[in-house]
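Each of the two complexes below includes chain A, the first together with chain B, the second together with chain C.
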Partner chain A sequence: MSQDKEILLEIKNLKTYFRTSQGEIRAVDGINLTLSRGETLGIIGESGCGKTVTSLSIMRLIKPPSGRIAGGQVIFQGKNLLDLPEQAMQKVRGNNIGMIFQEPMTSLNPVFRIGEQIMETLITHRMLSRAEARERTLDIMSKVGIPSPQIRIDEYPHQMSGGMKQRAMIGMAIACNPQVLIADEPTTALDVTMQAQIINLLYQLQQEMGMSILLITHDLGVIAEMAHQVAVMYASRVVEQATVEELFRQPLHPYTIGLFHSLPCLGGRGRRLEAIQGQVPNPLNFPPGCKFWPRCSLADQRCRQEEPDLVQIDSNRWVACWRVSKAGGDRIKGLPCSSSRDDGKEGKVIISLQEDSQGQQKDGQLALVEGERLDDRGSALIGSGPYSPARSFEKIIEVRNLRKFFPIRRGFWRRTKAVVKAVDGLSLSINHGQTLGLVGESGCGKTTVGRLILRLMEPTSGDVLFKGTSLYSLKGEALRKIRQKMQIIFQDPYSSLNPRLTVGNIVGEALTAHGIARGRERRALVENLFAKVGLSPSYINRYPHEFSGGQRQRIGIARALALSPEFIVCDEAVSALDVSIQAQIINLLQKLQEEMNLSYLFIAHNLAVVEHISHKIAIMYLGQIVEQMPADKLVKIAAHPYTLALLSSNPVTDPSLRGRQPPLSGDVPSPINLPPGCRFYPRCPRAEKRCREENPELLEREKDHWVRCWLC
Partner chain B sequence: MFSFWAKSLVEKLITLFFISIISFSVVMLAPGDPSEIDPLNPKFTQEDIQRLRKAFDLDKPLPVQYYLFYKKLFTNELRSYKDNQPVLKKITERFLNSLPLFLVGTLLTWCLAFPLGIQAALRRQSLFDRSTTFFSYFFISLPSFFLAYVLIIFIVKVFNVPVIGLQTFGRESVSWWYLINDRIWHLVLPSVLSAIGGIAILSRYVRSQMLEVIEQDYVRTALAKGLPPDTVYYKHALRNALLPFVTMFGLTLPGLIGGSVIIESIFSWPGMGRLGYDAILARDYPLILSLNFIAACLVLVGTFISDLLYMVVDPRISLISESKG
Partner chain C sequence: MEKNGSSVNLSAPQPEQELLLPQVSGLRDLWRQLRTNSLALWGLGLLSIFFFIAAAGLILTEGRQPIMDPEKVRLVDTLKPPLTKANESVLAPEDRPLFGIYLLGTDKLGRDVLARMLQGAHVSLLVGFISVGISVVLGIVLGALAGYSGYYVDSIIMRVVDIMLCFPSFFLILTVVALLPPSIWNIMIVIGLTSWPPIARFVRAEFLALKKQDFVVAAEALGLSKLKIMFVHMVPNAIAPVLVTATIEVASAILTESSLSFLGFGVPPPAASWGNILSDGKEFIFDAPWLFIASGTAILLTVLAFNLFGEGLREALNPRLRER
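Up next is the complex of A and B:
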């Protein structure tokens, strides 16, 4: 479908290298991409695969002296951007090609007003006067959906929420009506609801302005919602390229297939995630041959020796794999995240496309040599089985009416002017050997709950019982004893490990502190823990910076397991990880739960992940639980408007469903001045008079299904 | 905003009160006594000592002495033990001598360190960067008294200008043009010397700060907007890189006292640093304590100015202080 379209941006054999003290890194190694007018080209891959370097190379923002573009062409409107003099390139940046970045928090200059930062682009490229530029900026701000631009234009970035900042970033990038917009992970740092809004905004802007988008992401859902063409990058190269419909119907490269299988999806519980083993290789020592073979279950002798080229195997499809050819054979069947959610079974052919019949014929020619079937790998039910109250013998954690208020003091006498109700009357319970998933947008109090349960914070009122003992009545030795049984795994594997300690000491520290083991005995225990979380025991004398993100998270898990706890709080434990690593960690957590009969409080904002790992799910909004139910019934019985909104905000890996209206607008309101009635009513599409006046109670709608809503 | 001012003022006054107690106690409780300044003098009888102690209130209990001292300080009745001159008058005189040295030195430091540091950061690994790095460490490690003597000899030999003291001795009655020239000659060398160390250290800080800032995402954003590099570096990056130096700037104020004892001694410059140094040797308590008190005030004023400047240059600060305190 793209052949007849006008090609706007063409990348030919682009190579970008970085010099380091250990040798040369080939961050982008000979890639070819084309972007047609008015279309979106998605680049997907895990971190370290060269996606961002590709986008920075197009803009010529690779920093010398360490980085250089070693070869290739970037042809934009007939000109090779790599040959342009720097001054001419400045006229392209921000004017013909706009760019938005991943972190809206750090990508805006903190000391200049938002308006100033947008106006700057217009003044530079359009030679507008300040007054004209301000006028245009107001237009742009309303175009990207920033409410009351007259006020917002003079605000500083820190006064805006993450979503607002990303809107401002988009405004800055589209200010001069660029032909191409490069969006580098535009939604990764945002909540699902905000992500849905931003995707919708980009979609609308594209329809309106007809610009082409180069979309870089690691999220298959975002690709499905936005892209027309998709390029899959792995280890500095493109390994597969296809139209989005083709790719989502039938990924061919083993890496692409692995990405799909790593993804937990709503309504697909009980399936073990088929994580790709290992991790993206270090670009300093890529394996010989195909760079994917060490992680590939299909690799043979040839894969180990020769690197395959990207070859066209179909009108819309290029693949770089020796094992995929045009010859006949078995097709790989079944992608786990099918759009038809009702049949949660394995091995389905996916997605009903309009051009289905035509597509089917083509598929017949595509095959995997020797007909090995990827989906035959063990997909037995493990880990989180269905939640059954009968199975739960006793409650390990019981939270009773927990409250945590933070006073805001102001003025000379520091009088309390307002109260932040971070947690307001929360009750829940976690059964032995089970997982409670706690979900909500950022700022709803999830993390505070986790800390309160571990007594890392004192509550304003309420109580937490651990196996029937009140945690807040304990002191001294008794508290220390019980602390051994409760541990936490943190979100950020980079900042939560002390960089000055060896990982062996990090893991073993608690053993010494609680007087359990020292010296040789401790060492043996630590080595044992390392083996348990899938790390080589020989690593124990290394330092955290020597490990990848996934390995560090394993170290974090080993540290939590050191005291043989019974209960672990996983605070966004997999949110910062790449999909394939995320799947490995989720599988590890489930395996450990089975082996050691652990109970988890799994705090996360990704509903699909939570649904996958949990037995029971609690949805939290502004300090209160709004709905609670068994995880396997989430998709079927969810009733609260907020839960429904979260569910439909979750990007669906189905390109045919794109262009949906985002279910929620606006941000989570500040917990300082809470609305008088139901806390959700200002954003609720169904709010009535009663909702505005009275906050509903959490009531049991049917067995094990609790909802806080007047309308349910 | 007003409550911030009021609170800050009250806090600073309380701090000052405690500083006054501690510094008074330290000086008073230190061994030795002003009356023992010349114990070997045979004319100094026991009665004389008692008379002196009485005259200086040294025979009273410490809290009373404390009260009397600060009362006299604030009513300008304090006199030096050494020559019975009013302390504030002596200090003012010396202050006016120190001021030009401090101003020229600080101005030189800040005006040269910034361009050097910024250029070194922007041209990282270049010959310019490497040579500024080399010379910075060279001047940091070179003792200033050594450099001072080398330069004095050089200037006297080549230009035949004796650069010692405020002005050339015995030429007070020459023309005003000559006098100004002479004054400037005498001012330049000590200022340059006191600036050299400052430039070497500060330009290093500026360089590393600038290097850190140009790696930030918002600098990349500014480049991606197609702004000319000068705008990116001198507007977007520099404004952020300056933030920590605003704090440092307020803290240079106490340098007025005691900041340049070595330089003042070498050049026989009658400034504040030497005044304090001589007062300590003479056990001139009123002068020591007054200088101490003024230094404390300067530190507090300096931090206050830093706080205010910070609020001006960093829009995030005012909000944080509002919501947290």
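Up next is the complex of A and C:
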């Protein structure tokens, strides 16, 4: 690390262990980190790698009796925080080191006013009187971008949106001008537009106040936007550490490279994602040797037996891998998602990837001891080569002018006081064997559309045709028959499986219910389905809680496939997964589509993912489609201001592009009492008088490109 | 079957290679949680002893020629303290207590208190389990219907619950028992019919939360019938808090039966229950304290055991304490 910077926080050989009934978990196992003044240290890694435990250990918030800090030092301002008495530590927390949590919904206390919660830190640590604290709180609230703080200071958390709550949370953390701010997944629970705003806010605050930030995230984009130094954590240890520019120019550890390759990127359509196979090992069951070897295509005998230490290979980089040597050479060429490159040949990666993906796999070489290629994984990848969709234009689903209004009833007689227009006049169609991506911020009615199409909800008006048959005219047996052909995959791999049934029963139940198969025959079918989604059939007697998130998602897919459907609604099916698992599931969905000629409605909020998997994309805002176009033209022809805003909110994995202004301010307004004109005009940067008065129609601008905007 | 995940050979895509941790069955997991809670273990131990006693009591005191006759009146041996020898000169051999000793003394009619306590043990446990069984079944069915169905069914069932909760249930039971012919079965049914509303509320609340879970939506999308969704998918997920409440309700049913018997509305004489032994003992609190000590302690310990075990179960089943 650079010597000229003052080191503010130093973590030396930190070890945090948890005792469980099944043995000791080494959640953090000997990590070393340094945080310099005014800089941001990003810790990246998938869930279960020990990132959060690291941050909690710094604050000494590990709860005995199960958890304990087993060794190491956390040196802050010359003192080892781990040796401080509890009272002295309380003075450090919130005062010298502030902390922001992931979930703004649960990290604010719902029974206190926002102002009270910010004032509390000031009164405790700064000994201010209530009046002074209130004065300071108003300052802080405007500093973190909460509009009209005079009113907001007396509001309760439930009156604020998720983004506002996260701003208030940041306000609490910075109230006492801490030297260090620990941000634990500060934007994960937020929409992309809000994420861009919060990243920008943290960036500005850092410039103004000179804080050091310890940023914990699983999102390479967030790292690229904010971090100066990056530490990659895998299975309780740091496996690679570098400056952000170095890391994004050439990641060296196979895990880091795998993370980059798992990420779908805007404009990178047609490429199969190169997922890291397998999953993060269970900490009770760590493999011997390097913990990454079971997932690593380069692993050799030594990797299986000895664990590599983190060694410095050049001035700005440390790597823990036996196969990466100090002798440089030409390391890796062309990361899939970055837009700038030092050698001119690969300068236009975003656009040229489609043609290049074969060739790129050939050149992608690492500076490895024996010069093998990382990409040369053979059968480890689920299918390789560019993804080629089946061509078909027959419509399987047609949605006509669908409306769903939820009445809000109040008072004793439950009269309708207002109407939430969750879906308002939506029409779309999905072709056989194709995928329609539906994108929008949360609260736009995407999920409602999915449920309406499957008739899991009754619409207020409109119709859905499945292969020409109107779904809403069907009843009883006919409806049950057609339901077999339409299935759904959910976002949350935890709540979507019944915890009390074995996974074999979960998958096979529908077969019995519809009289398709029983007993041994059913078992054979279920085993077959397990194999199809990449799970070992020997697991069918296990219960859901024994599986990891990615495996559960596979089980959910197997359940959806059980009745051999033709159409599947994927409701944020990959949003809750880690990037490496997300890539596996996306590849699986694409493979199944090719094999079984499935059609998908792919609902998601991540444009890059949707663009990657879809044939057509529909952008939704407040119950209406605002733009629709073929997916491969998204980057080129997007015209609606909302689509453009979503595109530029998507974090770019390129550190040289940081510090951009967030394209949208504010939140999605509530769909109660909508404005009369264009629904987007209150947030639209280009809104004119006409936009305020009339809502535009969805018009075909050119072939297959529909836009709802007066200005396009 | 469980552990050979990697040895399965498939032509289709790469199966997951990682072995899962060894399988832990649900019951064994529950036992592991429970084992760490020493109070719950005490409760469980006491309960096992009571079950054993009740079973023994059933064998020893039932039939035409019981080994220990709880109804044999011996006017020569009234109100004898515990461990007194039977009056062998007067009593015929078949009238003597087991081993010729009154282990827990006798009551005002010379009946063997030990024999009566043994008979009462199975009456008390039976009342506890059958009445709670009735209320649990009713509570689950009505609660599930209310939680899963729409607005109208829900309103009707919940208003019935509200009305039931308005009555002081003990007086309701007293009234009903006074009108019906005295019998232990009537008491069980009446206790069962008056104690379901809290359970129905629990189940309804769980169902309202479960209804929004994705696995229930998935079951609907698979075209499963409503009954199957309710009773196969949702009830097993709502059962944990019910089980805990039920355990504690058993204790309160035993108390209710004792109170009824104490007031003279319970198990009709000459059959014994802990409540009417206690009731008989109240006239002789100073002359024959063993009467109320024996029955009172038995009631106290049983109720305590059920409560401790119920609390332990609540902790062991609490999903927040268990890893996902």
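One rule holds in what follows: the second predicted complex is superposed on the first by the 664 of 712 C-alpha atoms of A that agree within 3 Å, B and C clash if a C-alpha of one lies under 4 Å from a C-alpha of the other, contacts with A are read in each partner's own complex, and residues count from 1 in each chain.
The criterion applied here is as follows: contacts are C-beta pairs under 8 Å (C-beta built on N, C-alpha and C of every residue); 3 or more make two chains touch, one makes a residue touch a chain.
Being a predicted model, the structure only gives us computed values, none of them experimental.
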Please determine, from the superposition on chain A, whether chain B and chain C clash or fit. clash
Which of the two partners, first being chain B and second being chain C, lies in contact with A:508: first, second, both, or neither? neither
Could you tell me if A:543 is touching chain B, chain C, both of them or neither one (first, second, both, neither)? second
Answer with first, second, both or neither: which of chain B and chain C does A:277 touch in the superposed model? second
Quick check on the superposed pair: does A:20 touch chain B, chain C, both, or neither? Answer first, second, both or neither. second
Taking the superposition as given, does A:484 touch the first partner, chain B, the second, chain C, both, or neither? second
Touching partner for A:663 - first (chain B), second (chain C), both, neither: neither
Comparison of chain B and chain C by chain A residues contacted: C
Given the options 58-66, 292-300 or 310-318, the segment of chain C that clashes with chain B spans residues 292-300
Using the superposition on chain A as set up above, list the residues of chain A that contact both chain B and chain C. none
Which residues of chain C touch chain A once you look at their complex with the stated criterion? 1-6, 8, 10, 12-21, 23, 26, 32, 213-215, 217-225, 228, 232-233, 236-237, 323-324
So in the complex, which bits of chain B are touching chain A? 3, 6-7, 124-125, 216-218, 220-228, 231, 236, 239-240, 243, 313-316, 319, 322-323, 325
As the complex stands, chain A meets chain B at residues 59, 61, 65, 90-95, 98-99, 101, 103, 106-112, 120-121, 124-125, 156, 158-159, 169, 172-173, 408-412, 414
Per the touch rule, the chain A residues reaching chain C in their complex are 20-22, 277-279, 281-282, 284-285, 294, 379-380, 382, 451, 454, 456, 479-480, 483-484, 486-488, 490-492, 494-501, 506, 509-510, 513-514, 530-532, 534-539, 541-543, 545-547, 551, 554, 556, 559-560, 562-563, 588, 591
